[in-house]
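What follows is a pair of complexes built around chain A, which joins chain B in one and chain C in the other.
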Partner chain A sequence: MSFQKKLLAFAAVSALSAATAVPAMALENEFHGMFKFMGYQTNALAGGDTKDILRKDAHSGFFAEQRARIMYIAKANDNLKLVTHFELDTRFGGIASNHNGTAGYKGTTGNDSGNLDADQLTLETKNIYLDFNEPATGANFKVGLQPWADAYGSLFLLADMTGAIGTKKVDAFTGQLGWFRFDDNTLANDITGPGQFTADLIVADGKFAVSKDITVGATYYNIQNDTGLAATAPYELLHMVGVNADVNVGPANIKPFAAYQWGEKNSATDISAYLLGAVGKVKAGPGAVNFSGFYLSGDKGGTNNNAFQAVTAGTTYFNPANMWLLIRPNQAVNTSTSLTGNDISVGGRGAIGVFAGYDGAMGKTFYNANVGYMRTAEARGAEKKSLGTEVNAQIGYKIYDNLTASAAAAYVFLGDAMNGKGTDRIATYAQTADADNPYLVNLQLSYAF
Partner chain B sequence: MKRSLVAILIIVGTLLAAAAASASTIRAYIAEFTVSPTDNGNLKNTLQRLLATRLAGDGIVTVDTPAEADVIVSGSYTTLGKMFSLDAIAKSTGGKQLSTAFEQGESMDALIPAVGKISGKLKGDLAKQFQATAPALPAAPVEVPSKAPRAEIERPAAAQEMVKAPSSEIVHNEATPGWISQRLSGVYSGVATWGTKEFVAADDKGIHLYRPGAKLDLVTEVILPDRMKILALDAMGPEASGRVLVFVTIMDRENISSRIYALQNDVFKLVAEDVPYMFRTIAPYGGSKKLYAQQMGRTDDFYGDVYEASIVDKGVKLSNPIKMPRFANIFNFNQFRDQSGKSYLTTFSDSGYLLVYSDTGEELWRSSDKFGGSETYFQRRDWENERTNMTPFRTRFLDQRITVTEKGEILVPQNSGFFVLGNLRSYSKYSVVNFVWNGSSLEEKWRTKQSQNYLADYSYNPASKELILLEVAQKGTFGGKGGSVVRLLGIE
Partner chain C sequence: MKRAIMLVTAALLMTTSTGVFAEQTQADRNECLLLSRNCKDQVDDIYTRMQRLEREIQKGTRVYTPKELRQLQEKLAETQEMLKDMEKPGR
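Presenting the complex of A and B:
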């Protein structure tokens, strides 16, 4: 390095030191992240993300997977930040697309790096959005690829989507207006011009805190789908209005909700559907009793005009159920599916689910046990309604504040609709007649910060 | 190339000149005056102060202790008949006489001009004499052992010069060194005092009454059910009967379920439980301690205003609501006044900056460094964001108390060290910092020496001017319970 270069370097370092010494200019770096290891011994899952092997004489085996998430937030000040969130999923041993593994390391679910010697591209973009408060009005805006969840236990939609949402709080009232474009099939240089083959969600949400113990809310969601009824949102127009509340009564907390949907499935069929549900928690003994339930309207004839509509099965959840197999578990990572492939409305049949459990903690040990039952709301043809009853339990230990280890077991007593011998079963989900009762044992290490 | 070299030489030259300039500053200690025959009207302190303010400047800085000084100035005021004589003598710390000066006069009217003349003469002599004798003087005695207790407080040089004049009124209590307890097993999170030596401390098991003596003695304790997490600990009293009310803010399965205990004759008696309020005692404007309460809402962690609270028939009576500006809640605010009596509210932002709001809620000032910082948190179920965060809970950290002293100055802790911003926090060192509001910003006046522990909580006792500092010496890890210590530190 010549003397002149050294001088330049010295000047650059001095300038940098000067810049970092001025706190008002400092950009704050905020990191969050998580790592979860899951090991399964099961006869019902194979490490994929769809419904799998509900069949007679189902084989039991072991697989393991991991997920890491890294969130980096570049915070300019208390009113402005850029949020970025990335995900890295891996099944131990990698996911192959055929049994001899020669078809490459990537399988049905894409990114993985569990093959011998790793070294694959596995970084997935989850969120990238700007989060800022507008100084004049004090309203908060989030613009970009961001997570959004409905106010109905995610029975309708929980997803990462591109869009913009504004939130403004006025005393006890919080209002939200948002727009998301969750699908755009317009080609980059399409002669039709932009925005022709798109699916948009519009959100209007209001919440009012009546008192410290009571919050009531009302929502309106609208989906306009011009994508030619692609895989997402199999309808052209959907309106959904709903009300929800969050109430503390004595030792109990109850969150009831109800929503009605109408719109057009296509030019020939209208939609008229609804959902009801509630989530509750009551303090009891050293822990709390949880209960939850929902009713999703269904359709008998297969035209689905009375069936509750989600956007896709893969973007629905019902975490308060605390199930492992009947409903996908809230703790799931890469393998995130249920006996009905996450289709909570069971192919338009509608569903009724009731769930109850108890959770508590003793020092660094925590535990929970749950039971749940699900059936379809409507039966088609000779099909039965009962899907099954699940019992599960989990026990865990907090190794550090943010690192927990746990073990869980779940077992489902299949109902007639899933283990029937003939046309009484729903063949979409039960691959063969007389399917075995599914079970799983889960071992987990979870680190989050 | 040549230009760059010249520029560097200029910069280096300037730096050397600045260093040389700072090295030539004379630190003078003004001793108390002797007054004879009798000191009517506290003349000895007045004269000391008058000379200090006049002598400071032009390369001379006055200091508070002989240990810090290069020059010691002593003086006397003698009256004989109607005449007075004001005499002063400046000596080096080695005992060498550097300058003498005297002035005579007939009435008290001539006293203040006389002080001015004396200081002028001393100043001139010292500048000359000191420069001549400087090489022979010992180095500045920063590390003198007798200074150890006082070394707990570090003054920034700039602030020292600015506040020097009024600060000569501060009497530093050298007889109160920091006292450190024995190691207490467990990670403690809260401490509360009520003006006596005893205090209550909270850990993840319950609350414990300690009495400092040769060591810290555990007097009595209350063990809480495992499911309860103590968020805050405060005390009011003692009442005429000697009873102290202890307020334990508790999170029990996602709801606030606080308890109030009466402490009398070393016995905790449960007064009320499952109280749906978060409590904090604050002495706003540096006045008397008051009890405050705030509720937790279904959607808001801190619901509505903060109220002054009183306990009536085992119930809580609320009055005088205070509207919290952005970021402020019951645990992280205090109020102070400026000299004109105008009220301000101070708090920490979510990112840890110290803020000052006007009484209309307008943000007036924000620190450039971070202050406060706590590892105490509560968690609430967050179904909507569970899939995004991969944890069923949303974590909310509390922040440190802000104390306004009886002088209207502001005390805040500053936890720092390695930590990850996220749901894992791990502070490793702290100072307590004293601020003064100068009309436009909070100006740092002094800070305690950095301690190599995390400060979980603290309490200020205005009667003894002592800080009770609850430090976590070892974090709880796998198989270990962790350890804490209590430090008592006089700050004046």
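Presenting the complex of A and C:
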């Protein structure tokens, strides 16, 4: 073979191998996202995340806000992908830090961009994590900044956190082990060395499918808070064990759960607390009846701490309640708060909540109506226990498959603990005596793709 | 020369007359540019993906092996989880 022919053959082989190698390197680029517009007429919210508005002669006004979330997934194959997720929040007109807008500039406060001519930095990072199946063990691993929710209706914790979690399925059993570092205040050049002022969560979760209709689970969570900061988590050490189940009986699905907590608030105070709860759904007519409830143990005050412990109020939820004001709404965007500032355990008093509703659809129209009641588990001093009763309803229309428009209204009949005239009210949440009943009307456009 | 002129005239006639005589078909319309539909690189939105996965799962063992069905169910659960994550409330 002459040199020219050899060169030609080499070129042909190279080209062939390059062509066949391409599919292995190909990436599937997956884009998803959502956009929500919310308009509120209310005397209870202003676009922040506070409970400062509950007072006598509360003013009613209108504000609007929007949120977009963009998710990009770089998928090498079914066993390997990088998930990235970002958020852009804006209150119409921007959020100011004072009334004349001179302190700071809109865009900084509230991470907003609703000011005249926009142009502010608003991109927030929600998730960046690697998700892969390890071929030798068949286990799935998620490493990086990722979402995590507890097995207790998110009464304990639902948050985006940095960490690593491994999941392995063996027949009907699914086991999960995870570690999250949700706070690290060690300086980059600290002489203490790394990992000294940290807060870690360890998760062990097991689920067993007894049959097609019954799954039982058990969990152990551990938090070691070495930051010395109550804002990170209001305790130094927390153990939490719990059991949960998911049962289908005829047209009903019921998810009961219970958990016990122990640990140390500090060197002088121990924790002993618990939660009970259940979430259910029963198909009825064109829709379904929903019901849910919880009991979070509380404390009358003093040194013995029997109050149920979350991580922070801002990372607790109870979405099955379908409330708008008593519990933060499950449809909320930027304004995501409740009458108790998302503190479901009401400052350690503990809480009892019961909720019921009906949701259904007729063609392109969907609707739901709900009622809920909440009270504290314990009263401190002369305080009363009743927080209030909420009634709400929503009706919506599917403009396209992935675009809906809806209107909702919610009204709370405040309980004695919120609208009392003197020391019978919980002053942390009711800013003045004899507070007005809070309400809201919500108009919404929701697009997901 | 005469032959060349005839050839050029015939060619010109053919090219100009094509549009007049050809019947316009659906296939000729560029729906991607006109209606943002049937684009070559079109991808499913999240609801369409879930609907398609549900449709495939309903075909059952008639079409898929039990292992493939499990794969489809896992993909459906993964997509539902993705939507839940995107619509998660909170700041």
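In the analysis below, the second predicted complex is superposed on the first by the 418 of 449 C-alpha atoms of A that agree within 3 Å, B and C clash if a C-alpha of one lies under 4 Å from a C-alpha of the other, contacts with A are read in each partner's own complex, and residues count from 1 in each chain.
Keep in mind that, in the parts below, contacts are C-beta pairs under 8 Å (C-beta built on N, C-alpha and C of every residue); 3 or more make two chains touch, one makes a residue touch a chain.
Note that this is a predicted model, so its numbers are computed, not measured.
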{"item": "Partners on chain A (chain B, chain C) - clash or fit", "value": "clash"}
{"item": "Which of chain B and chain C A:A209 touches, first, second, both or neither", "value": "first"}
{"item": "Partner chain(s) touched by A:G314 [first = chain B, second = chain C, both, neither]", "value": "second"}
{"item": "First (chain B), second (chain C), both or neither touched by A:M362", "value": "first"}
{"item": "Touching partner for A:R91 - first (chain B), second (chain C), both, neither", "value": "neither"}
{"item": "First (chain B), second (chain C), both or neither touched by A:G33", "value": "both"}
{"item": "First (chain B), second (chain C), both or neither touched by A:F449", "value": "both"}
{"item": "Partner chain(s) touched by A:K75 [first = chain B, second = chain C, both, neither]", "value": "first"}
{"item": "First, second, both or neither for A:V279, with chain B first and chain C second", "value": "first"}
{"item": "First (chain B), second (chain C), both or neither touched by A:N248", "value": "first"}
{"item": "Comparison of chain B and chain C by chain A residues contacted", "value": "B"}
{"item": "Clashing chain B stretch [against chain C; choices 58-66, 76-84, 418-426 or 454-462]", "value": "418-426"}
{"item": "Chain A positions touched by chain B in one structure and by chain C in the second", "value": "30-34, 69, 78, 85, 127, 147, 158, 317, 319, 330, 333, 401-402, 448-449"}
{"item": "In the complex with chain A, residue positions of chain C that touch it", "value": "43, 45-48, 71, 82-83, 85-91"}
{"item": "Chain A-touching residues of chain B, taken from the complex the two chains share", "value": "1, 4, 8, 225-227, 252-255, 276, 295-300, 303-304, 327, 349-351, 353, 368-369, 381, 383-392, 420-424, 477-478"}
{"item": "Of chain A, residues touching chain B in the complex", "value": "3-4, 7, 23-24, 28-34, 36, 67, 69, 75, 78, 85, 127, 147, 149, 151, 153-154, 158, 160, 174, 207, 209, 212-215, 246-248, 253, 279, 281, 283, 286-288, 317, 319-320, 330, 333, 360-363, 399-402, 446, 448-449"}
{"item": "Contact footprint of chain C on chain A as seen in their complex", "value": "30-34, 49, 69, 71, 78, 85, 89, 127, 147, 158, 314-315, 317, 319, 328-334, 336, 401-402, 448-449"}
